[in-house]
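Naming follows writing order (A, B and C), and every chain is counted from residue 1.
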Amino acid sequence: MTPLLTTKGLSRNFGGLRAVDNVDFTLMPGEIRAVIGPNGAGKTTFVSLVSGRIQPSSGAILFDGADITGLPAYVRVRQGIAYTFQITSVFANLSAYDNVALPVQRTLSDGRSKGAVRAGVMSALERTGLAGRAHMPAGQLSYGHQRLLEVAMGLALKPRLLILDEPTQGLADSEIDNFIELVRDIAKNATVLLIEHNMPVVMQLADRITVFNAGRILAEGTPEAIRDNAAVQDAYLGTAP
Amino acid sequence: MHFGPHLLLAALEGLVTSAVLALTALGLSLVFGVMRVVNVAHGEFFMLGAVLAWAITTAIGGHPALGFLAALVIAPLIVGAIALIAERLVLRRLNYNPEATIVATIGMLYIIQQLALTFYGPEARPVEPPFSYRILLPWFGYSGYKLSVIAASALLLIATWLVLTRTKIGLIMRATQYDSETAQAFGIPVGRVYGGVFALGAMLAAIAAVLIVPISQAHYLMGQDPLLLSFIVVIIGGLGSLRGTVVAAVLIGLSDGIISMFFSPTLAKIIATLLVAMVLVFRPQGLFGTASR
Amino acid sequence: MSEASPAKAYALHLGAIALLFVLSFLLPEYYHGLLARIMVLAVFAMGYNMLFGYVGLLSLGHAMFFGAGLYGAGLAIIQLGWSVPAAFTAGLGCGAVLSLIIGLLALRSTGVAFMIVTMMFAQVFYLAILYFAAWTGGDQGMVVPQPARVLTFGGTSLDLTNPTVRYMSALALFSLVLLMMLAIVRSRFGRVLVAIRENEERTKMLGYDTFSNKLAAVVVSGTICAASGAAYALLFGYVGSSFASVQYSILPLLWVLLGGAATTLGPLVGTLFMYYVIDVTSGYTSAYLLIVGIALILLVLFFPRGILGSIRQRWLGWLP
């Protein structure tokens, strides 16, 4: 089986700092992969390189076997790489409906019909439980709902790879449980790459875990293997259980 | 006259233009550098300086040098005060939002221009130079006053540079320019710095105008060319860079003097404006400026 | 923008057009002529609003697009002897080509640099008109002779210098552009433009080529402004360089700010209101630029949403 995403020797320097250092990474279709690591380990830089928001200093990125290293971000989105922002960046002055309509109208192939946009928007809003708030300006939604709207926008892109950057940050416990269900639901049709600090969420969701430290991959494996990995405990989980 | 002396004359004229332009553009550049405000009314402060110089010299009378010296002191002070009031009443209330301040300074431009037309009138009026000594060169005589304008401008530029690099005021200004929020946190009164810089920028334009008004005349529309040329200088020199501003002013002043001797001034303006627009499109940090910040 | 109440929006716009139609028979001669002029200039403002209001790009050079239409049509009719429809098309073509070139260059810059770059290109355009005075008449401008301003098709001919014909032609152009703007705003393209205004980076990450969308907006905006300029040349018969000066880049900004940026009817309201203010104050002062200046400052200070923008915010959320 062809990997959905491969990076070869991927690096990015900021001045003298190697934020991402020679990373070889492989992601198989259908996986839920969690990326964890201490703050400043290069996780967000890594997914920004994958999504095309920043350009690598060296190395290559392959998506479904094709080299996408030089492609601008919007083309990668069209090829199926969706990115949800770490800091919520919904269009605050537009309604929740319009926020989701933007990705929906672009992925529609039939062109004209207004009904198709409406159906697509409402289905994404229903999946995220926001249907009742469709006409509220996004900026007036609660923080948790804005995060969900962010996911709804990602979903509406019908991605093959959905990158979620710290999606549960700032969510209440009850919201987190719903969120885990939502990601499992999404993973039926898409591969998920998840940056997450909340370890219980990672342990429940991830098929495999990649641990970043100082811009490099420190370890990779199943949740159990990572939990038992002494180096990871040292670098990240600390010595306490 | 042969080509050589002709060129020398053009170069001297160009240097006079450069000297005045450097002062004017420096004012625009300081305001942009520290406050991130593009002051479209800058040319009108220049015009106000010239018009006030005429008013002051006319009111004082007597020996031309007396009136001129009075104008050189009083006109910039009045212009600075007007700029300070405008800053307090308008720019500060807009939180120095770049786009809103452009629109507001366009408004100031129209207001100042129309008030000048109403109270000063549409005539161009001369101001007598403080002295009329002519320096005799082998090929032609040249106005001693024009040479003194070059010298005065050079002195003022050096003084400004010293203030910016060697004094506490300069340090405060640079700190505000670099990061106004941190400066505020360190107890720098950013609001007052902004007010002072805006007034200083306008005063530099006014001084330049007082210097030039015995050569060209005072007119209510005279602010437009200096504004355009200052924009050009600031863009070529790199926004907010003092050295770049001076280098670019000399370059533009000289080429303006020389080109307009040989080409139609309109064509020269077309080419210059187009080139500068292209610089801004393809090399926004300017030709001399480093991408500071 | 919202999906709700399209019927209300269309009713309002058709009502406004009907009102302007009826006014043609009620207004005294002076105001009849003035309103025709205002409708043509409101088209200019609508073109400006397309870019400033919906995409959030503040251009200080739109006089060049108006000028491209004005001179494109004027030169075609005066120097080349073209017919009225051909000259109008020439004006549109000049505006479209110019805005495409300017868009490709100026959109490489953002924010303040975009404002200055557009102002400089417009200045080049203005100076070029003065420089090529042999064809353009320089700062004297050109007058389009009355016989050339007759539209003939089939056996009938329409004299564009006739006040009623002129008014109705202006109204036809205005209505067409107004309904087109309403359609654009409610379209997917309009939604993308607003998204770019709100957050360009985010819009890219939804898979949109924001540069191409902005370029398309510049061309649509420039062509609408050129339509206004071409109509001005044909209906009012004067082609002058002052219409390409900086002042005519500032005026549409003022009209749009006053009427309400990103509202479809705002440009008309702003243009009308500004002419009304100038008309009222002309009894006291001839310095109308003073009023323009004061209006600009008061608007950005106290009233940044403009008339219709404030009404939309307070009372009528559905207003397009």
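One rule holds in what follows: a residue touches a chain if its C-beta (ideal position, glycine included) is under 8 Å from a C-beta of that chain, and two chains touch if they have at least 3 such contacts.
Just so it is clear, the model here is predicted, and its values are computed rather than measured.
Look at the CA centroids: the one farthest from the centroid of subunit A belongs to B.
Measuring from the average of all protein CA coordinates, the nearest chain centre is that of C. The interface with the greater number of C-beta contacts, when B-C is set against A-C, is B-C. As a whole-number value, the distance joining the C-alpha centres of subunit A and subunit B reads 52 Å.
In this assembly, the C-alpha centroid of subunit B lies 34 Å from the C-alpha centroid of subunit C. Remark: subunit A and subunit C have CA centroids separated by 44 Å (rounded to whole angstrom). Considering their complex, residues 58, 60, 105-106, 108-109, 111-113, 115-117, 120-121, 123-124, 127-128, 130-131, 250, 253, 257, 287, 289-290, 292-297, 299-301, 304 of subunit C touch subunit B. Interface of subunit A with subunit C (complex): residues 51, 53, 72-74, 77-78, 82-83, 85, 89-95, 97-98, 101-103, 105-107, 117-118, 135, 153, 157. Within the complex formed with subunit C, the residues of subunit B that make contact are 36, 38, 90, 93-94, 98-100, 102-104, 106-111, 113-115, 117-118, 228, 231, 235, 264, 266-267, 269-270, 273-274, 276-278, 280-282, 284. Only residues 1-4, 188, 191-192, 194-195, 198-199, 201-210 of subunit C touch subunit A when the two sit together in their complex.
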